[in-house]
Structures are given as C-alpha cells and as structure tokens.
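Each chain gets a letter, A, B, C and D, in the order it is written, and its residues are counted from 1.
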Amino acid sequence: MYSFFNMNFIIPDILLLLFPFIVIGSRLFCNYRSQLPWRIANFGFIAIFILLNFIPLASGEGRFFICNWKIDDFGVLMREVLIVSAILGIWLSKDYFEHGADGKPQMHQIAEFIGAIAFATFGGVTVVSACDLLTFFLGLEIATIPMYALTAWNKKDQLGSEAATKYILMGSVATAFELFGFSYLYGFAGSLHFGEIQQAIATGTSPLLWVAVLFLFCGIGFKLTLFPFYTWAPDVYEGAPTPVTAVLSVTSKATAIAFLVVLVFGPLAPVQEQIAPLIALLAGTTLFVGNLGALKQSRLRRFMAYSSIAQAGYIMVALLGPASTAKTAIVYYLFVYAVSNYLAFFIFGIIGHHREETFASLRGLSKQNPSLAVALAISMFSLAGIPPLAGFFGKFHLFFSGASTGHYALVAFAVLNNVLALYYYIQLIKSAWVDEPDGHLSPLRLTRRQRGVIIALSISVVALGFLPFLSNNVFAGFSF
Amino acid sequence: MNLMNCLILAFLLFGIGVWGLMRRRHLIGMLISIELMLNAANINFISFAYFSAHDATAGALFSIFVIAVTACEMAIALAIIVTMYRRHKSLDVDQLRDLHD
Amino acid sequence: MINDVTLGYLIFLCPLLTFVINGLFVGNRNAKAAAAIAVTLNGVSALSAILVAVHYFCSTFAPQKAVLFEFTFLPFVDDLVARIGMLVDPLSVMMLVVVTFISLMVNIYSIGYMREDRAEGRFFALLSLFSFSMLGLVVATNLFQMFIFWELVGVSSYLLIGFWYHKPSAVSASKQAFILTRFADSFFLLGIVLVSYVVGSFDFSTINSLSLYPFRAETIDLGICVMSKANALVLGSILIFTGGWGKSAMFPMHIWLPNAMEGPTPVSSIIHSATMVVAGVYLVARLFPFFAVCSDSLTIIMWVGAFTMVFAAVIACTQKDIKRILAYSTLSQLGYMMFALGACKIGQAVITTGWTASTFHIFTHAFFKCSLFLIAGSLIHQVHTNDLDAMGGLRKKMPVTYVCSLISILAISGIPPFSGFFSKDEIILAAFQGHHYVVFALALLTSGLTTFYMFRLFFLAFHGEPRHEGVKAGHVHEDLAMTLPIAVLAIPALLSGLLGKGLFEKFFTPGKLHAPVFVKLPEASWIPFAAVGIAVLALAIAWFLYASPKAKVQRALDAENRSGLYKVVYNKFYFDEMYYAVVRQFIIGGVARVSRAFNDYVVEGLLAFSVWFIHKLGDLVRTAQAGYLPFYLGTLIVGVLIWRFFGQLPL
Amino acid sequence: METILFNNIWIIPLITVLACLPISATREKLLRGIHTASATLVLAIVCYLTYRVYALTGEPANELAAPLALRFFTDIPWLSMFNAHYIVGADGLNMLLLALTAFIVWAGVLVSYKIKGNQKVFFALIQLLATSVYGVYMSFDLVLFFVFYEMEALCMYLMIACYGSGKRDYGGKKLTLTLAFGSSMILATLFGLYFEGGVNSWSIMELSKVSLPMEFQMWAFPLMFMGFAVSSSLFPFHFWSPDGHSAAPTAVSMLAAGVMMKMGAYGCLRVAMFLMPEAAKIWLPYVVALLIFNVVLGPFIALRHKDLKYITAYSSISHLGLIFLGLAALTPVGLRGASLQMISHGFLTGLFFATIGMIYERTHTRDITQMGGIMRKMPFLGVGFVLAGFAGLGLPGFSGFIAESTIFIGAFQQDSTLTRVVTILAILSITTTAVYILQTANRMLHGPLPQKYESLTDGCFREKLVIIVLVACLLFIGICPGWIADMLDTSIAPIFEKISAATQPVIGGIGG
C-alpha cells in the first residue's frame, strides 16, 4: 500500500479493461460499415502502448495495487509484448473484414472482434500481475475464452467451427486439470496467496504438492502446446481465420509462458531444482515433436502451427535458468518471436488474399515480387535462428539461460534440433525462391498498410538482434 | 466424513468425467462429463477449505468463481456447438474429421 | 667485375631468363627472336660454366667443396633449415659444364629441327626451364633444394615430352613419365623426411659426414615397426635411392624412358644425355659417403644397375625404332653408372674407384649419347619415320652425319681411343676390383651387346640399299643448324675420354668416407684387352649379319616370323602391358573403385538412412494428427500419466 | 587510423549492400561496378594492413590482447545481457587469411559478371558472405565469432539454390544443413566454455588464461572440434562438399572451397585447440585416424569421377585432410604447415574453380570425357588450369609444395604411432594426386579437339586478370615463403605455448 496515491502505473491496465467496452459500445453510434471502431481501436492500443513505455523500470520488488495486483518489470514488458501482438493482430485482421481469404468467407463485426482480442490481451495482463491463484486462474480464463470465440468467428466456415469445437472441448478439459492442480496446491498450502504458498513449499513438500505441480503443468501444457498436449494446435491453427491463428500463436502462447514463469519463479521457486527434469523433458520432447511434425507440411498455417509448437519447446528451455536470466530471455524472445511470426503471417495473409495458403502458391515469388520474397526469407531465417537476425539472439538468450544452470545436454539437443528446423524453413524458402512459377497463379497486390507493416517488421527483425541499443535498452537494468 | 473421503469422492468424480469423455461420442454428453471434472475440482476446493486450509473463505470463493467461469465457458461451447450443428447436421464427434494432416 | 659468384649467378639466371622472356613475352609472337634469345643466353651460361670450371680446376689451391652463395629459403625447427645455394666441387662443376654445353647444342639443333613447328617459342622456353632446373639440382647444397629442382626437372620433362599435346601417344607418354617418376619421388620425399628427422639437417655436408654409431642406441617408431635409428637411416638411404631409381629409369621403373620418345627428338637427346636421367646417378654420387655409411643399400644399387644394364641391352638388340634402340642403350649405360657406384662396396669396406668411373662415364656418355640422338633426329627429319625399315643407304647422302655417327658409335662401344672406352673400362675394372665377379661378367657381356646393337643400327641405317622413296629420289640434304651441333659434339665424343682421364683420376673423389677404406686392390691390366676383344667380336658379328654382302637385311628387319623368345624380347618382355594391367585394372578399377563405392554407398547411405529415419518419425507425428477428437482428448489423459511416471517428480 | 581501416574490412561490404538497395535490379552494369569497386577497395585495405602487420612483426603488441599479439585491437561492450563484446584484432594468421579472403572475394565478384538471374540479389549475397567470412577471421569474442560463422548459412542456400546448376536445391540443402549441423555442435559447447570458464567473458584471450575442468573438456573438445571440422569436410562429414560445390555457381564454389572451408580449420586451431589443449592432446591422435579417408582415399575417389567440380571437391577434401594432419601433429612446424596449407589451398582452389567456371561457361559441360583438346582453343584458361593442377600436386615453386612439405616435416616430428602411419601414407599418396590431376588435364585440354568446340574463345581480359592475380599469389608464396612463415610463427607461438604447457590430465584415457 505504500504507494496508494501515485497509481499512475495502473492507468494502462484500467484503460485496457475499459477499452473493449468502448470499442464495442461505439458500434451503437455508427452503422456497421463505419471505420470508427477500427480507428478507436488503433488509437487506443497505440495509446496504451505509449503509456506503458512511461512506466519506469528497475523498480525492484514491483508495485502493488490493492495488494494483489502486482506490476513489476517482467509484467510491464509482458504487457508491451501483448499489446504489440494485439496491435499487429488487428492490423492483420483488417483486410479479412474487407474480403475473404483462403477460401474462407469475409468476416464481420470488427468491433466485437477487436473487443475479443482486447479481452484476451487483458487476460494476459491479469496473469502477469496476479498475486494469488484466483486472479491467476481468472486471468488464464479471460485470456482463453475469447480465443474460443475468435476461432469460430467465421460462422459460415465449417472448418472454423470444427476447429473451435475441438479447441473448446480440449480447452475445458485442460481447465479442469488446471483447477485440479490449483485445488491441490491450495490444499497443500492452505492459502491462495503466492507468498504464503512459497513459504509453505519452502518449509517442506508433500505428495500433494507434486500432484498439484503435475496437474498444473499438464493443464498449462495444453495452452503452451507442449508434448503431448499439442494435438489441438495444428487443427485449430488451420481451421481458424489467419489473423486469429496469428493472435493464437503469439498472445495465447505469451500468456501461457507468462503463467509458467510466474508460477515457477513465484510460488514454486523453492522446488525449481526438483521440477527442472520435468521442464527439461517437456522442452526436449516438445521441440523435437514440433520439428518432426513440420517436416513435410504443405499448408502454410499448419506448418506455422508445428513451428510454433517447436518454438514453445525452445522457450521452455529458458525456464531452467535463474529467475532474472530466464525472464530476460523469455521476454526478449517473445518480442522477437512476435515480430518474426507476424511478419510471416502478414506475408501469408497477402498470399492468402489472392491464392490458397499452401506452399505451392508461393512458387515464383522471388520473380513476381522480390521484396516480398526477401521479407519471407528474413522472417523464416529469423524463426530458424540464423544470425544476424533477431531470432538467433532470442534463441541464444534462451539457451544461455538454460545452460547457466548446467543443462548442457538439453541445450545441445535443442541446438541440434535447430538443424531440423532450418531444414523445413528452407523448404518454404525453396518454394518461394527456387521453384518455377506455374502460370495460373493470380498476381499479388499489396495495400499501403501491408507494405508499410512488412517493411517495418523486416527492418526490426534484422535490427532488433545485433544492435545493442535495441536489445539492451530495457533489459540492461533488469533486476528482480 | 473426513478430508480423505472427500478427496476420494472428488477423484472418483474426476475419473467418471474422464471415462464419460472417452466413451461419449455426443458433444453434449462430452460437455456434461467435462462439467463433472470441473465440479470434482470444486469439491476439492470446498473440502480443503472446510477441513485443512487456514483461510477457509478463499476456497469457497474460488469454487464460486469457478462455477461462474465454467458457466461462460459452457455458454460459448454451446454456441459453437450450435453453429457446428448448423453446418454438419449432427453432433457426433466422429464426424469432425475435416481438419487433419 | 667477373668473379666466380657472378659467373655462378649467370649460369643459373640465363636459362631462367630465357624461360621467362620466351614463355611470357616473345614466345608466341616471334619464333626467330625466341630462338635467338635462347641460343645467346644458353651460350652465355655455357661459357660462364666453362670459365668457372677452368678457374676451378686450374686454381692454385687443391679443388675442394666451396659454396659460392647460399640463402635461407624456409626455416623449420632449429637446425632444420631449407636453403638455396650453389655448391661447387669437382662433380658439380663437371655437371655444370656438361648440362650447359649440351643444352646449348640442343638449342642450336632445335633451330633447325623445330623450324616448321608453330609453337617454337614455347619449345625454347621449356627447354631452358629444363636446363635451369637441372642446373639447380646439380649445384644443390642440401636435400631440400635437390628435391625442389628434382621435381622441376620432372615437370619440365613432362611438358616437353607432351609437347605435341594433340598427339594422344605423346600425352599418355608424358603422363606416364611424370607419374612414374613422381611415384619414385614420393619415396624420395619420405626418405628426405625420415633422414632429416633423424639427422636434424638437410645439408649434404652434415649428412655426408655422419657415422651410424651414435644412432644405434636410439629407436624410432615408424608406425609399422619400431627400429633403431641406425636402421632407419639405412632405410632412409634406400628410400632416397628409390628417387634416383625412378628418375634414372632403372628396372622395373624403366618403361617411361623408351615411351618418352614421343617427344621431339631434341628433347629426347637432352633428357638422355644431360638433364633428366643422370639425375638419379648424380643423386647417389652426391650422397655417396652417406650411402657408403649405410653400406647395405650399395648392394641393392649395384644389383639394380647391373640387371638393368643387361636387360636393356638385350631388348635393344631386337628393336627397329632407332630412337627406341638408343633409349634402351641409355638404360644400359645408366645401368653401368649405377652398378659402378654400387660396386664400390667390398664386404664392409668401400673403395672409390667405382665412383670415379661412374662420374667419368656420366661425363663421356653425355656427349656421345647426345650426338647420337641428334643424328637420329636428323635421320628422322629426312625420312619422316623412326623405323629402320625406311632407312638404309644414307651414307652417301649425309656424309658428315655418317662420320659423326661412326665416331659416337665407336665411343659408346668402348673402342679405344674413343671416349667411351676409358670410362667403361674403369667401370669394369671397378667391378673386378670389388670382387663382384658375376657383375663383372655381366658388364663384359653387356659391352659386347652394346657394340652389337649399336652397329646393327649403324649398318641398317647407313649401309645397304636405300629403302625409302625420298632417299632414293635424293631429296635428302643436311641442314646446317642440325649438322653443326652434331659435328661439334663429335669432338668431345672422340676426345673427352682421352683428356678427361687424368683430370678425373686426379680430382674426383667422393670426399672423406667414414667407412673403412679397402687398401689393397688386385692388379688387372688384362681387362681392357678383354673388353676390347669382346667389342670387336660383336662388331664382326654385326657386320656379318647386317652389312656383309650376303647379309639378309629383310630377314633382319622382319619381326613377324621369329622364335617366341625373339618375340618376347621384341615386345620388351611385355612390360608396358603389365604396367597397363596393374594401373588400369588394379589401381583405377580396384582400389579407386572400392574407395568410391565406400564413399557413395556406406557414407552417403548412412546419411540417406538418417534422413529417411527422421522423415519416418515425422510421418509418425503426422499420422497421430488424424483429426480424431477422442484421440486428442486421450492424449491429454495419457500425457498426465506419462509425466506422472516419467516426469521424475518425487511422487 | 589503421584500426578504423581494419574494422572497415567487414563494414564496407555491408555498406555496399545497403547502397545498392535503392538501385533497380535492371541496372546491372552499375551494380557490378559498385560491387567490384568495393571489393577492390577492401582488397587494397587488406593488402596494406597485411603489410603493416608484417612490418610490425616482433614489435610489442597491445597488452590488453595478451597472450595473443594482436594488432588493431578493438574491444567494445556489445550485448550486455551476456557480456558479449565486440573484440577484433589481427595477428599474422588471421591477417593472412583475411588477405586470402579479400583476394577470393575480389576474384569471385569478377568472375560472376555473367551470372544469370537477379544480379542485385546475387552480389548482395556475395557481399554478405564476404562480411561473414571477414568477421569470422577478425573476431576474438566467441559470440561475435559464432554470429559471423553462422551467417554463412543464410547466404549459401539462396546463392546455390537460385543461381546454381545441376542438383542445385539438393546440393544447397545438403551444404547448408550440414554446415548448420556443425555450427550447432559448436554452439552447444560455447555455452559450456562460458560457464565452465568462470571468467564471465566470451573473449578468447580471457578464456585462454583459465584452464577448463577436464571432464568438461573431454566431451566438449570432440564436439567442438568435429563441429568445426564439418565445414572443413573432415571424413565423416565431408559428404556436403562435392554436391555443394558442384551445384554452386563459380563464385560461390570459390568462396566456399577457398575461404569458408578454412574457417573450420581456423576455428579448430584458434578456439578448440587453443582453449582446450589438454583434451586436444588426448583426442587429436585419434582424430588422425579419420584422415586416412581424407588424405589417402580422397584422391582415389577423385580418380573415379568425371565431373570437374567433383574432382576438385575431392582434391579439396584431401588437401584439407593435410591441414588436419598438421594440426594433429601438435608441433610448431605442423601448426605452421597447417596454416600455410589453409592459405595456399585457398588460392589454389580459388584458381581451380575460377578456371573451371570459365571453361564451363564456354563448353556448357563439366564432364571431362566430353571435352578434349580445348587447350588449342583457349590456351590461357588451359594454362591456368594446368598451373592450378601443378600447384595442387605440390610442385615446388607453388605454395602447395611449401605447405605440404612443412606439414609432412612437422607431422613426422609427432612420434605417436598412428600419426606416423598416416604421415607416411600421406607422403606416399602425393602420387595419386598427381595421377588424377594429370588425367583430368590430359582428358580435358589435350588430345584431338572435338568438332563442336571449334568456335570456343579464350578468356576475356577480366578473366585473364583473375587468373594472373591468383597464379601470382601462388607463385609469390611458393617462391619466397620466408616472410609468411615469420608472420605465422608469431601467431602460432602463443597457441603452441598453451598446448605444450598443458599437462597430461590425471584422468587418463578417453571419456574421462
């Protein structure tokens, strides 16, 4: 409570909470083809992002708002990641409300769509600022439930609804696991507050705790698409509309990993060594399986699904490290991952607006539209972790954090898996650069927004990595 | 009537939920079994709150929130299932084979 | 100011300069200029070589080793330094004179011989490179320098033999020559590495002055076996000799030399007389004290030389291609030189008469063999074939050539007072004094054979009826540029023995030996008469068979209906075929094929398997994604169980 | 001043790429001009700096860079999250390798004037590749080193797959993925070096002052050594090079075989052996066994091939085997021989691939059985090829002989049985090299000229210039090797001191 009267650091969260109501409410005052909600959304998100950047970092323990809304550096940076993802998401989705793509019909109700995305983002914010299990759980649910709706946004698209069905059924089961874990944790500690749980664990463990941990990891493993809980991801990613896939692959992953970070370095911190093997196994199996699945894909979004499964595995590696390193690594990687992923999805979107989203429709891209092909290569190489692109430095952070506690074997395994990853990313680059175009591919047209975003993202992917003032800025003074 | 019995009860309920989930081919049926699993968790919370925990209110509170959250979840699930039904004219999960590798 | 050092530089630089100028600038544009440059500069170098020699042998102080100049090329470990220098001692001075003089002659000759060729400039450039590298080899002060120029000699011979690179036969002959000598050189290099490792230096002065006693104790691990360093030195000496073995075309590495005939005749002449083949003998002579210390290798040297001597002489008796006959005669003469070096060994003792004789024979042989080849060249130039079938009756048409060839042939047959007599006589004497009676007998026999086949050639080429239309029609004339060198060379062919004998006996010793020297030598004044007698006998037989009024020349030239033995000899004991079989079938068809198969099937196969395996795993993952919701739900449950049991949680 | 110049070596190519971005891809003349100019500029700078390093030999170096004697030493904090610094510097070894790279890049730009396809992208990629190679040779911070080292993968695939010939996609993938495999092995051990080193620094100099724990070295050294060896095509991992080279366009083959394959050997020497000498002493004698394939079987395989680039690739494999023979000798002479061989083979193979590319441009085939007698039509290119061949078979006067003899003499001083055996085999197998090189030259250049080649033309001035310059380099090194030996010795001395100071560890045998 020491800072009850300067609450300015809470303003962005409150804005974010009110924001979806404003956007959806704005629908009442304009007709359905008006650009108003879209404008408000852009303005709002960007404003929130700017406000977030005013929050001073390096404030030690972090600050509290009525005692269980904690805002620390990690939280702020995760907020930034989530907002960036949301902004890019709505920019990506805009075109899908003007005409359909990839054989899916055009989408409607942009205001509600944006609202849903905003809710999901707020859910993520809630997760990173939770101090007790209840808030934690609520945040997770707020982040997840809109995703179900977003997946099924295309009412006329039966793939979408099928994907949504699979998603929500499995999601609810995962929630049940989650709750089970929470309940045992509560039973073990006798309290919902992280601090007390941590003390309880520090004093001593019991099977009850381990059952709780098991269920918690399995439940979150679903959201983070860890092995073997990833099975929903390829289908949902393919069935959902492309912008939703993008948001899924970034926002919900960011939320999930934030959940794990808060859990592992918060209440479970005393037993990090004991659960390290589990984390290592999860990481190893996940990235291996993800890479294997992506090997022979022909449809772009399914391909991205597997690749993001593998990325989740890579992120897990960082959880083995000490708190500060791991958080730095994860936040930085999420930034990089968001940028590269959205770059890829923007390109796929442009492809999808004129053709179906398969490898085959990338053929001859380097001849028709060299700059687009270059951007594609950049994003793919960045996802594959090839220097000097940002993706490499992100992965380097992750492995650095993993290796700092001596898990060389896992790191070596992950690094070797990079070769597999490089293989399938190169497959995609091949179809864009090497394969000859077959005549009946409709030409590509880029709107100004698309071109601008793609250029900006490409530049940031190239520059974010090795330019120290970009990668050091916020993380330099990282002190937990 | 002690903690262990309640936990066993909850666990059995959870198991029954899982069993139903596996056996059922009908979406509504599966939703119901999921409800069972969630409520098993609720029983856990309440029993812990009642027997062991030192802030008992938290558990009860939690279970109430859970009920609320699952309510919205079910609402969305039902909405999605309705659209499903519009497309497929059936609620058999075996029909959901369009998305696959 | 002209002192020995500047002269030494001149000897080197003139041929090099010729090579550079002709090769880079003049060569292709102006053939005449190229020829002029070549002749002038080689003349300068020959002149300076003679000056050096005169000054050296007439100097007041007794002739000894001297290093005119030397600078560091590449330092290895502390004492192991590769240097480039110019060593002057009687042997090298003699070789300098021989090489420069012969190459001058050949250059002059080539003006006439290569007149029609379109790549004359290139020819002169390569010729000078050839003599340059031989000069470098001759004056080497250490093994490393010797190997450098040794390789250069090899490559320039490759370029010259394959000079007419559009002729497949020439190309393959040059390849064969290079690869065979290279094969020997690889052992040479191994020997250098081994010896320099044991001794710790490349310098001849060090290597020639060491004794084996300090090395008996220490051992060295050669991978295959562990042996004492003394034995390692003996092995090293044999390896080094292997280099000379191949270069001097000793049996069984002899086949490249007759095939090297495919090159232009001046090339053959310079190869056979001065630059290439004597390098092997020179190597052994140069390192003689070292070989004397490792005396076991001398035995090998002797037997290799002796066998080659007889073997080649026998083959030469049946050939029809005059250049082949000369080539085999060269082989046989090289055999003489080689076994003379080997024959210095008597039990554990070593005498030096053989060494002197061998170097003397190098000297004399150079002149008459060179002139013989030039003569052959001019004959071929007239009748446009190497084949004795097409010759005969050229005596009238080419009188000068006739006389010169007679001189050279008498010289090679060892008829006094021609040069060959003295050197060969000394060699035979050395064999006798070394108590190597078998070799001694072989040598006598071979001198007879030599006389026989040389006169066979002589009679078939010059005497009898003309068998060639051109000759009959009288289109034959003597070209000045080609006849002049022949005439000039006839003089040393006649006199070098007579004049050189004293010089060699006075000055030529291999240096201080660390092996016990055998003092008492058996007196053998009858040997010269025996040798000459055999030679005259052989001459008579040759005359009877090929030149006497009732000689059946056609019968002599007919290779078809002969006895099997004759055929075997005529086909050079089928050695080319054997080599072909070994190389084609065993090396290329066997080893190379197996190793490629290993690479293509084993290594690439393992790679392909691992890729296939990964892909299979990928298929496994993707078949799990059948889109079947109950299965997906099942994975959730199973996942919990998996991590319950394998998650290593302390449950 | 010179330090700034030195840093510009890798910056100039990048600037060139950026400068060419706005130029439209259709203005090929302009693009080529710009790239040629920048390559020439870099070449000039590098030559000057090489001369400076040679002139400064023996002068006291920057003491911050101890134990290495580095010139133009620069150390700037770079990525503070994991204490990565920007550390560059030059000693004899890497300065000479930089000079080699500059020459090869310059030649590569010159020979690819006629490349088909989008020249803008191609030249940009070449410059990026050049940047990465320069960076690898310059950098003394492991992160920086690795970043540059891995960058190549980004360029190689695109260059081969888009501008190559034959099985270009297959070859490109094989090359890129195998190299990536190797560099991932390296990356896995880098972290270990940082954390086990315990000096919180990636700087090679800092790490070389500590001695790493033995049980770590025992598994890390082979991993890292093989990782580097992959890009130098040591035996089990050589398979990428023939397919990759044969598929790649001329310039890329030149760069790949000429300089990139040296990066591996350089890393083995500079990083693996320098930082983990104890393990090196234990492992290297066993590594030698692998060389039997490279050195002995490599030439035989080349003997069975008909495709010029395959032949050259296998000859590279055997020559690089000699580099490792020199490294494994663990004697100063051997190490110097290995470094000499790196440089010499760079020029040699650059010349090889350049001439092959020029001939291929004219004959449109690389099958030597299809050719013959083209020496008549293109004497200059033919002579260039023959000279490259002579240099390849270690003819005195060319750099190859210097390097090989140094390696042999150095390797023979290592008296472990296996090394002796392999050395002897290597010395004896110079014959095989001669066989396949002469066979190739004869089949291709000599003999009668086929009818279809009547209209062939000799190299144009640009191509002649490339050949002349490369041959001049080969001859220069071959005829006066002394100064290069001096330059190399200064940089090899500290490495050898570290190795010889390394005591045989208590835990004997393999695997610790």
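We take it that contacts are C-beta pairs under 8 Å (C-beta built on N, C-alpha and C of every residue); 3 or more make two chains touch, one makes a residue touch a chain.
Quick caveat, the model's predicted, so the values are computed rather than measured.
Considering the contact criterion stated above, the chains in touch with chain B and with chain D alike are A, C. The greater number of contacting C-beta pairs, out of the two interfaces C-D and B-C, is seen for C-D. Our note on geometry: chain C versus chain D, Cα centroid distance of 37 Å, whole angstroms. Note: centroid distance chain B to chain C, computed from Cα atoms, is 96 Å. Averaged C-alpha coordinates put the centre of chain A at 26 Å from the centre of chain B.
Averaged C-alpha coordinates put the centre of chain A at 77 Å from the centre of chain C. For chain C, the set of residues touching two or more other chains reads 622, 625, 627, 629, 633. Multi-chain contact residues of chain B (touching two or more other chains) are listed as 21, 96, 98-101. Within chain D, not a single residue touches two or more of the remaining chains. Under the contact rule stated at the top, the pairs of chains that touch are A-B, A-C, A-D, B-C, C-D. Touching chain B in their complex are the following residues of chain A: 132-134, 137-138, 141, 145, 148-149, 152, 155, 158-159, 161-166, 168-169, 171-173, 175-176, 179-180, 182-184, 186-187, 190-192, 234-235, 238-239, 293, 302. The part of chain A that touches chain C in the complex is made up of residues 165-166, 169-170, 173-174, 177, 205, 207, 210-211, 213-215, 217-218, 221-222, 227-229, 231-232, 234-235, 274-275, 277-278, 281-282, 289, 292-293, 295-296, 420.
Per the touch definition, chain B reaches chain A in the complex via residues 10, 14, 17, 21, 27, 30-31, 34, 37-38, 40-42, 44-45, 48-49, 52-55, 58-59, 61-62, 65-66, 69-70, 72-73, 76-77, 79-81, 83-84, 86-88, 96, 98-101.
Interface of chain C with chain B (complex): residues 622-623, 625-630, 633-634, 637. Per the touch definition, chain D reaches chain A in the complex via residues 25, 77-82, 118, 121, 143, 146-148, 150-151, 153-154, 157-158, 161-162, 168-169, 173, 176-177, 180-181, 184-185, 187-188, 191-192, 194-195, 223.
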